[in-house]
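In order of appearance the chains are A, B, C and D, and numbering begins at 1 in each one.
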Amino acid sequence: MKIGFVGLGNMGSGMARNLIKAGHSLTVYNRTLQRAEELRPLGAKAVASPGEAALVADIVVTMLADDRAVEETVMGRGGISESLPEGATHIGMSTISVALARRLASIHGDKKQFYVSAPVFGRPDAAAAAKLFIVAAGPARQVHLGQPLLDAMGQKTFVVGEEASAANLIKLAGNFMISTVIESLAEACALVRKSGSDPNQLLEVLTGSLFTAPVYRNYGSMIAADNFEPVGFKLPLGLKDNRLVLAAAQEVAVPMPMASLIGDHFIAAMAQGLSEADWAAVARIAYRNAGL
Amino acid sequence: MKIGFVGLGNMGSGMARNLIKAGHSLTVYNRTLQRAEELRPLGAKAVASPGEAALVADIVVTMLADDRAVEETVMGRGGISESLPEGATHIGMSTISVALARRLASIHGDKKQFYVSAPVFGRPDAAAAAKLFIVAAGPARQVHLGQPLLDAMGQKTFVVGEEASAANLIKLAGNFMISTVIESLAEACALVRKSGSDPNQLLEVLTGSLFTAPVYRNYGSMIAADNFEPVGFKLPLGLKDNRLVLAAAQEVAVPMPMASLIGDHFIAAMAQGLSEADWAAVARIAYRNAGL
Amino acid sequence: MKIGFVGLGNMGSGMARNLIKAGHSLTVYNRTLQRAEELRPLGAKAVASPGEAALVADIVVTMLADDRAVEETVMGRGGISESLPEGATHIGMSTISVALARRLASIHGDKKQFYVSAPVFGRPDAAAAAKLFIVAAGPARQVHLGQPLLDAMGQKTFVVGEEASAANLIKLAGNFMISTVIESLAEACALVRKSGSDPNQLLEVLTGSLFTAPVYRNYGSMIAADNFEPVGFKLPLGLKDNRLVLAAAQEVAVPMPMASLIGDHFIAAMAQGLSEADWAAVARIAYRNAGL
Amino acid sequence: MKIGFVGLGNMGSGMARNLIKAGHSLTVYNRTLQRAEELRPLGAKAVASPGEAALVADIVVTMLADDRAVEETVMGRGGISESLPEGATHIGMSTISVALARRLASIHGDKKQFYVSAPVFGRPDAAAAAKLFIVAAGPARQVHLGQPLLDAMGQKTFVVGEEASAANLIKLAGNFMISTVIESLAEACALVRKSGSDPNQLLEVLTGSLFTAPVYRNYGSMIAADNFEPVGFKLPLGLKDNRLVLAAAQEVAVPMPMASLIGDHFIAAMAQGLSEADWAAVARIAYRNAGL
């Protein structure tokens, strides 16, 4: 099976390496060439446009920053949809809007190509370690066909139906859930800190009782320590995903007041100059407003 | 060691039974006598006032509904503080305000009695099964002394310092955290449901990846099914704890906007006639506002 | 008619002076004696307890800081309810809780005294200038009897029924309305300022078109200038009234999310050390969160 | 001076009539022809495309529903920018995004045309009665040139600078302010109603004291009566403007939590089937959540 891979950022480069490690032969494209060149010694072929990566591919995988990047890469000049062969499949792993996922399914369908959405949970270290959680949706046969690739990149795949956008919806809902964990920990730690107690005691109680989940341990230790290094997922991306879940919710007339509240805190964090920080640093807004 | 036990409600009766099972001899008091009588066949002595339960006790345990009940039971006529011997210990396991915990420590201290706060996480079934998580704080010697009792009632005790009220603060922060899980699941499930997907798919992804914690499984299944039976913790108690955490936060000038938001939803749920429902039924406000 | 007047703070001293100016003979009490002494040259008699001010009064007026002060003054030792003659009337003009207004009506009723609530809108300068707006409720005959006093202190009285607490409810709802004006102006001015425009242009448009009301002009000029001097109504009082309206709302199961939001901003402002500032300085929270 | 007028909806038709009444000769275009035909007997010339309305115009006025309509009308095929003569002016009176206003200034500038933003406050009856409030910004000479037109359509023009988009920003901020009045009245009336008092008493106090502004009288009477007929400004337009102000605020990193809260209520109102109702009917969400 011939694989094209487009988008070798913090997430994509680890994922592509894992595909190569698993024995797949990759044709790769990245906007800044260097990142693609780095994969050459491992056997990847680097090309000059997304379209070339798709040209003879059975499956082309995209892992890009946002809707705009995906639109350009797929629908732009020299883009994937122009050159992907009939019957071949595009597996979109970027975190994009539900609306764009729907359009991608339609655009590829018009060209007798297939589209599968397979967004992921996990930060760059999980991508490098092939420990991603993947949520996949699309035509059953193509999802099945792509499964070996997903297995090489993640620890587990959840298949959530045949409509590709359903995977993106669940991805966005999941990121919303993570953002609520961050904000709730921030407010609780602000309370505990300002009352003169140690937020690590709160964390120990939580993660030792009902909140025995990685998301509480990982974000909890950052927030309790008020230390958000290393940066795994930048704050503007968190704000972007917040806007995407709110857009998906508005489309079906679902108010999400908690998402709105967190969105306002993301914006406040941008205004405080935290645009290069990890999204968990939004906790600083709760801390600041508490005078900490 | 002689043990007094005051408050045999849904939580307290299971806890008292577990103390008896562990071999402790109990003198019990409950406002409605019948509940106390039920423990007689197991060997407990039922008395007619909280004070009598405390009279010859080394340790008296209280497990009551709210601040007012604790105030009456401890400071009222025939109350615990009048008759608890010098050097004996009151272990308060109710979910009460931080301010009252502070007052209890002071009142008992004035009488050379000791006060330990040991509020619990867990619903009536966990109380019956001795599976509670207990957060304890107070004078180290008295906490140590009470440990066998706590061990008989819970699966784990977290000791969080010598100031009793610190345990109540963490208990309230913990309940706040649970309430955020409920609201976030409600909003996410509203989004998924109204988009035509199955909220159980969302749950499966969450609890199979980053949210592998009982609190997500338990509340998630209720919220996804929009079925809040059986009632484990009534909505007005949830609202009460929300007000307690907000009061503790206001006292130290910490805004908790997420707690405010959830408090408003609890009040809306009361207005919809859900005062007999489990507190997780607050999810119905998110559903209603989404037109579900 | 003999008038007692209790509470000679920033508001009360102006009001008492206006009563004297209108020809009424006053017996006055204030916790710190000096303020009462200041009225002697004008003909007022200064006494040593609230009860003495009420002793031979036809009407005793109270203008105090909060519920606690009113409770002590009325129900405490040497308080008003002990000595106010049968058939005489207490006109309570403080901003207090709906619940306390209800209790006052009941307590005075038990002693065959009458109770009228008559809280006011207006800051100290309006009190001094007899320009207050007064909302009165209570037994019709007593409201009528007190009208000349109200006329001497205010520019207009709104009578809103025979149940005293109805006036307090409307007063609290009114203060909530003012707080929403402050917060909305703060957010709008933050937007305009950070977009590089002049907030005074926004104000000019608003107050020159649909928002031609003093509340927009007065608070608008403070907020646009980011200058909250002189202090007319301190921030902790604003927070107190916010808590009172939320308590009244919770009692009847009405969520007020806007009041909750503003309450959180008041608390954040307290945490920023603004407790001596005018309550309009809560606008600084919106400014801060916008990075201004 | 030759005038083109594009957009003869509920607002635009009244505005165009007032221009004709004032003696201006109009060439009009509307998507559905009939509305344009109706102006013929008054002397207007009806044409088949926006471009034709602009073809020989000194000034072309647009009054359209939203960004998309303005984009098509100006930048689409047969659009205004193609045919408006060099040196002529486009006065855009629609409520559009700040971003689009900026683009319009740039697009027209590229063609040596001028662009003035002049959005309005007022509902269809105010448009018909030439009682609009107009906020204008753009090159000083062109604003001056257009003033007679603005005078014919409104009762007052506020000129807020030379950057066109500044007028749109203030218009959006103003609509945000109105939306806060609606929501605050809704919450206050819910409280008063559910406490057993008459919301008209609250209104009387407000509008007779500090809130003596049309916006409180007009929306207050609708909300107190829970009657939102006739429909002046539909709820989806209110939601649209809410999204536009939030977008403008996000662009400059200003959180607007009150706008977010109201936006969620607009969405909830859409979910309750109120999409044909006046935007003031968003008050029903506060009423519903209070169990009214």
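In this section, a residue touches a chain if its C-beta (ideal position, glycine included) is under 8 Å from a C-beta of that chain, and two chains touch if they have at least 3 such contacts.
Since we're looking at a predicted model, the values are computed, not measured.
Set against the Cα centre of chain A, the chain with the most distant centre is C. Interface comparison, C-D versus A-D: the higher count of C-beta contacts falls to C-D. For this pair, chain B with chain D, the centres built from the Cα atoms lie 53 Å apart.
Distance between chain A and chain D, defined via averaged C-alpha coordinates, is recorded as 39 Å. Residues of chain D found to touch two or more other chains are 249, 253-257, 261, 264, 268, 271, 289-291. With chains as nodes and touching pairs as edges, the resulting graph is complete, every pair of chains being joined.
By the touch criterion stated above, chain B contacts chain D in their complex at residues 257, 264, 268, 271-273, 285, 288-291. For chain B in complex with chain C, the touching residues are 243, 249-250, 253-257, 260-261, 263-265, 267-268, 270-271. Residue ranges on chain C touching chain D, taken from their complex, read 98, 121, 133, 135, 156, 158, 160-161, 166, 169-170, 173-174, 176-178, 180-181, 183-185, 187-188, 190-192, 194-195, 197, 201-202, 204-206, 208-216, 245, 248-249, 252-259, 261, 286, 289-291.
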